[in-house]
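Below is one structure, written out as structure tokens, with a few remarks after it.
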Amino acid sequence: PILSSLGDYAAAARQAMTPVAAAYFMGGAGDEVTLAQNRAAYDRYALVPRILTGMTGGSTRLSLLGRELTHPILLAPVAYQRMAHPHGESGTATAAAALEALMVLSCQASEPMEDVARAGTTCRWFQIYMQPTRDATLTLVRRAEAAGYEAIVVTVDAPISGVRNREMRVGYELPDGIAPVNLQGLPPPPPLPEGGNAVFDHFMANAPGWADIEWLRRQTGLHLILKGVLHPDDARRAVSAGADALIVSNHGGRVLDTSVPTLVQLPAVVDAVQGAVPVLMDGGITRGTDIIKARALGATAVLIGRPIVEALSVRGAQGVAHILRLLRDELEIAMALCGCSSLDMIGPELLHEM
Amino acid sequence: PILSSLGDYAAAARQAMTPVAAAYFMGGAGDEVTLAQNRAAYDRYALVPRILTGMTGGSTRLSLLGRELTHPILLAPVAYQRMAHPHGESGTATAAAALEALMVLSCQASEPMEDVARAGTTCRWFQIYMQPTRDATLTLVRRAEAAGYEAIVVTVDAPISGVRNREMRVGYELPDGIAPVNLQGLPPPPPLPEGGNAVFDHFMANAPGWADIEWLRRQTGLHLILKGVLHPDDARRAVSAGADALIVSNHGGRVLDTSVPTLVQLPAVVDAVQGAVPVLMDGGITRGTDIIKARALGATAVLIGRPIVEALSVRGAQGVAHILRLLRDELEIAMALCGCSSLDMIGPELLHEM
Amino acid sequence: PILSSLGDYAAAARQAMTPVAAAYFMGGAGDEVTLAQNRAAYDRYALVPRILTGMTGGSTRLSLLGRELTHPILLAPVAYQRMAHPHGESGTATAAAALEALMVLSCQASEPMEDVARAGTTCRWFQIYMQPTRDATLTLVRRAEAAGYEAIVVTVDAPISGVRNREMRVGYELPDGIAPVNLQGLPPPPPLPEGGNAVFDHFMANAPGWADIEWLRRQTGLHLILKGVLHPDDARRAVSAGADALIVSNHGGRVLDTSVPTLVQLPAVVDAVQGAVPVLMDGGITRGTDIIKARALGATAVLIGRPIVEALSVRGAQGVAHILRLLRDELEIAMALCGCSSLDMIGPELLHEM
Amino acid sequence: PILSSLGDYAAAARQAMTPVAAAYFMGGAGDEVTLAQNRAAYDRYALVPRILTGMTGGSTRLSLLGRELTHPILLAPVAYQRMAHPHGESGTATAAAALEALMVLSCQASEPMEDVARAGTTCRWFQIYMQPTRDATLTLVRRAEAAGYEAIVVTVDAPISGVRNREMRVGYELPDGIAPVNLQGLPPPPPLPEGGNAVFDHFMANAPGWADIEWLRRQTGLHLILKGVLHPDDARRAVSAGADALIVSNHGGRVLDTSVPTLVQLPAVVDAVQGAVPVLMDGGITRGTDIIKARALGATAVLIGRPIVEALSVRGAQGVAHILRLLRDELEIAMALCGCSSLDMIGPELLHEM
């Protein structure tokens, strides 16, 4: 079939993926309320287009943490991409480089971070979860530094696994040959202590705290980015702790179901940080107009998650390149129709709340 | 199939139950508007999770009427459980004890209250409807005292049967061998008086009034709990009448259809009693996040009704234990993600009204 | 099947009626937006039940225009009832009498008004449309007086036929043997004048004005009731013109589609007339709780339209009696659960707007 | 089937058209959110009908740019009508003349503008897009002047093609024999410049600016109308630039998806121009009541787009005449029921926001 939008790829992916892969890549936590609401939040805003405006010399350029980017569409960290397609993370990285999209590699990637960095020069940020020991965390950071990554994205919204019923129903487990290769050799989580509560005293005992972020800040010269910030107080504290940027995210609705949609929370976070650091966001982005709305509410740039692996599953690296092309074109067209020849011209006055 | 949530059990129960049992156990009054809205009320609130918080030593513990409970999930009184599964109320009680859940036994139980009390040590509260005569009421209370129950839950929201169209359509009646055994031997309701109106002068003439509650309060040293309070004025009066706790409930939408959803009314009741007694609530709880929302709006603990008999019908006592396990896990995970290491940390600032 | 609610009858009627009859009896104007919204308006209000209230001596009694009624459920004028069932209007009248329901006979009845009056002693009001000539109108009124009707209900919301697409699609026309027998012999509408506009100069030229109402008021000692009032200014003017009662109605959504739902407009009309005359209402009533809500917003009584002919089509007069029984029971039960032992106790404080 | 409303024609058109034609004529941009919301906007307003009002001498007449019109229903410019039916634009023009509807001919018509002008005397306005060169634009305007058109409608909301996924999915292209004949011989757009951005530096470089409008204003004595205005600031500027009328439009949701619905934006535009010029609107009109609502919110007249080609595809010119007849009848009936004997009596007090 002719695939003309990210939605078309999502529909095709439902066919292309095994049920188990679809449950993992496309599902969310619980009743998938947040998954749906993340997406629906964009439709609560309409755009008021402008007419007869000049556009020559326009572009989608921005600068982010010292880099000039061609456009504000980043690839979110998504684990185990070889389960979607043999091209895996390297394929995604190739596509990202071709479309000049900054890519964030997951620490749960199914390929070594060094290989992916080589495959695509725009794969510049490495995402980690704080490891059970600081040594283990540092091992990952040092490897990322050596491989040329420029930022460490610490994902803080998933200290414990969400309740992923869709995965449970299909008995999801990693297929043979797919593994978090970058984590191999690191120490396993400590055993369950006697008598304690599994959630509070075991899983969460390994969860990081602000002190760990501050410690990490001191260990590396790379940019430090916190991913999964939703509360304005946490945003403020992240800035104090030395974060160079924040990502407003609820992990695509994969951790806490009925979590507040990211677009809803974005303005409060933007307001809290007062411009001290760039605020990025992800969750439900599938259209160029979504990006305009996120920008209008204060986001510097956006990330896409599921669309990557959906496209990958349907057409490999070529699919990823295609959806990036589609999204870039949609963004440029929407900007032109809204009378904005640069991202900085996109403001809240474009929005009409429905 | 793999059953990973209370919703999965509900779906399976639709298969496991006979149509007649399903109409009784899963249906509601009228057009089932309240049944649906009880549930939908939770989704009108989103949660704002917190990050990087410490959790060690956390728990879901609370104390309620002098007892320390491991968690705030109670089993609501649900009649005729042997119609759902041969394990019946004893099975439920066993499961409740295993998962440390306080159970409320219905006076319309299909097994003798003494047997159920023995089967599960956490079956501590006995629910009654005020009987046509005070003597009959007292007979039930004395038996409950003797059997070791610690509280009498007086259900006040069903002085007359609701209009249960789903049951009528399938010609619902109690199957052979299932009976309200604890009520046997008590006097039947008086005959319809000459010339009066059936509803007002007959059924409702047997309905209890505040004086009956005050009388009952004087008869027993057990805790007295009113179940089915929705109006703040009634809540205040219940406290004056000597109630030790209230349960905000509309009987799971089984009595008055289009009755206000319980979560909607909860804050007004909490506000009215001003902390004088604990306020519990039930109606539509199927997720750990629902419990957080109820707590955030002032509930001390919650009860589940239909999930018990749905689980019972699918897997007997084991099913009931399983849903309690699921719900406890979901609650703990949600608390951890919201940065709450104790129930007391759950407040309204966690909620975002959608 | 077991029919346990008005909704059950509606479902059964869809089977029992011919497609043509169903289009006429169950359809509405245009896209049937008002038809749906009339009904949906009730669900926008929830009820807050009360507990432990006394009910002895309670009743649904009211007095209306000098008559004591057992309950506030009236039968709206519905044309051509013999098309629904051979029992026709006489059957409905018999059922109405048995259930003590005041019935309004349509001037487009398929049976002579004298026969229907004899068939059921509670068929007391006669509905007319103002006729092309005052003489013709007077002829109808005199016949009604002679037949013992106590009120003339002038329907003012349909001076021109609505756009009834559902009927057009099935090519609706009156079947052989069904006719507006009470109108036979009256002069036909005048022919289309040369050159004028069909709607404005022809159909509407025959439409009544306030002067006609004032004229009619002077012609008869019967109660005069205006049916189809929605605007508060019209309500005030109706009172000045001598109306003894008003019926807030949009003709069941059969005339102007997207007309405001009656329950929405009721409070403004009640407020406008300041208690000078009773305000009745119809549109979408199918549950006892709907009646409570209408009463809480100021209606003295309510009328049902489609439910009559739906029941008639399924079970003849017995069906009509049954739905009246169901509705009366539902109303009494709902009143009891709301702590109201009389209609006068039903007030706005029972409602919670959702 | 019996076709009794514009909606009936739309349903029939889905059968009558080829999939490719249906995608072009009935689709919208992106996810068709705006297409749906344009329509849904009308249902957010209910009408409050009036009773017992005089209507003699009433009409739907209005005057617009010096012409007396029988009614306020205009035919919007819709391209390539021969693809819908061999009758093409001439057929539409014949129907428009018969029903006294002012027609706007698209510059992308599939028939020569002179032929269409001859076929229907009410085809009085010619729509253009600003051409790549001013000479080309002038060529079109001069031909329109010569052919007797009285106004130039400049469509300004589509400087670049929208993202029309529905068309892409079916591989839409113009069938053999259908072409924009009025544009033949005009210079093609200039080639893509080296190194520039396709959207901003190529397509949009050809897009008109306010200076072009001001230039055009000086070139012709015809009325100048801007189509596609949504922002109040743009409306004000259009008036300053010499526009004689504005059309509030989002191109039927075919250009920027999630654009604000036209009815939502209408009041702000009306308010901005302060009566300086007439404000027309289009988007989603399918009912007489929609026209009343647009009028009540300040529109002088309305245009219909898709309904034309849907009717054309089903029954050729006769279909177009029929839907115009239906819409005129619906409008007159709705006015009569709202107590408005002229368009000027239609005001915001008729509306109730739902």
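Worth a mention:
For clarity, chains are labelled A, B, C and D in written order, and residue numbers in each chain start from 1.
The rule is simple: contacts are C-beta pairs under 8 Å (C-beta built on N, C-alpha and C of every residue); 3 or more make two chains touch, one makes a residue touch a chain.
Just so we're clear, the structure is a prediction, and the values are computed from it rather than from any experiment.
On a Cα centroid basis, the chain most remote from chain B in this structure is D.
Counting every residue number used by either copy at the chain C-chain D contact, under half are found in both chains. With each centre defined as the average position of its C-alpha atoms, the distance from chain B to chain D rounds to 59 Å.
Rounded to a whole number, the gap between the C-alpha centres of chain A and chain B is 42 angstrom. With centres taken as mean Cα positions, chain C sits 42 Å from chain B. Within chain D, contacts with two or more other chains are made by no residue at all.
Across the assembly, chains come into contact as A-B, A-D, B-C, C-D.
The touching residues of chain B, counted against chain C in their complex, run 30-31, 33-34, 37, 156-157, 159-163, 165, 168-171, 197-201, 203-205, 207-210, 212-213, 226, 228-231, 234, 250, 255-261, 264-265. Of all residues in chain C, only 1-2, 4-5, 7-8, 42-43, 45-59, 287-289, 329-330, 332-338, 341, 352, 354 touch chain B in the complex they form.
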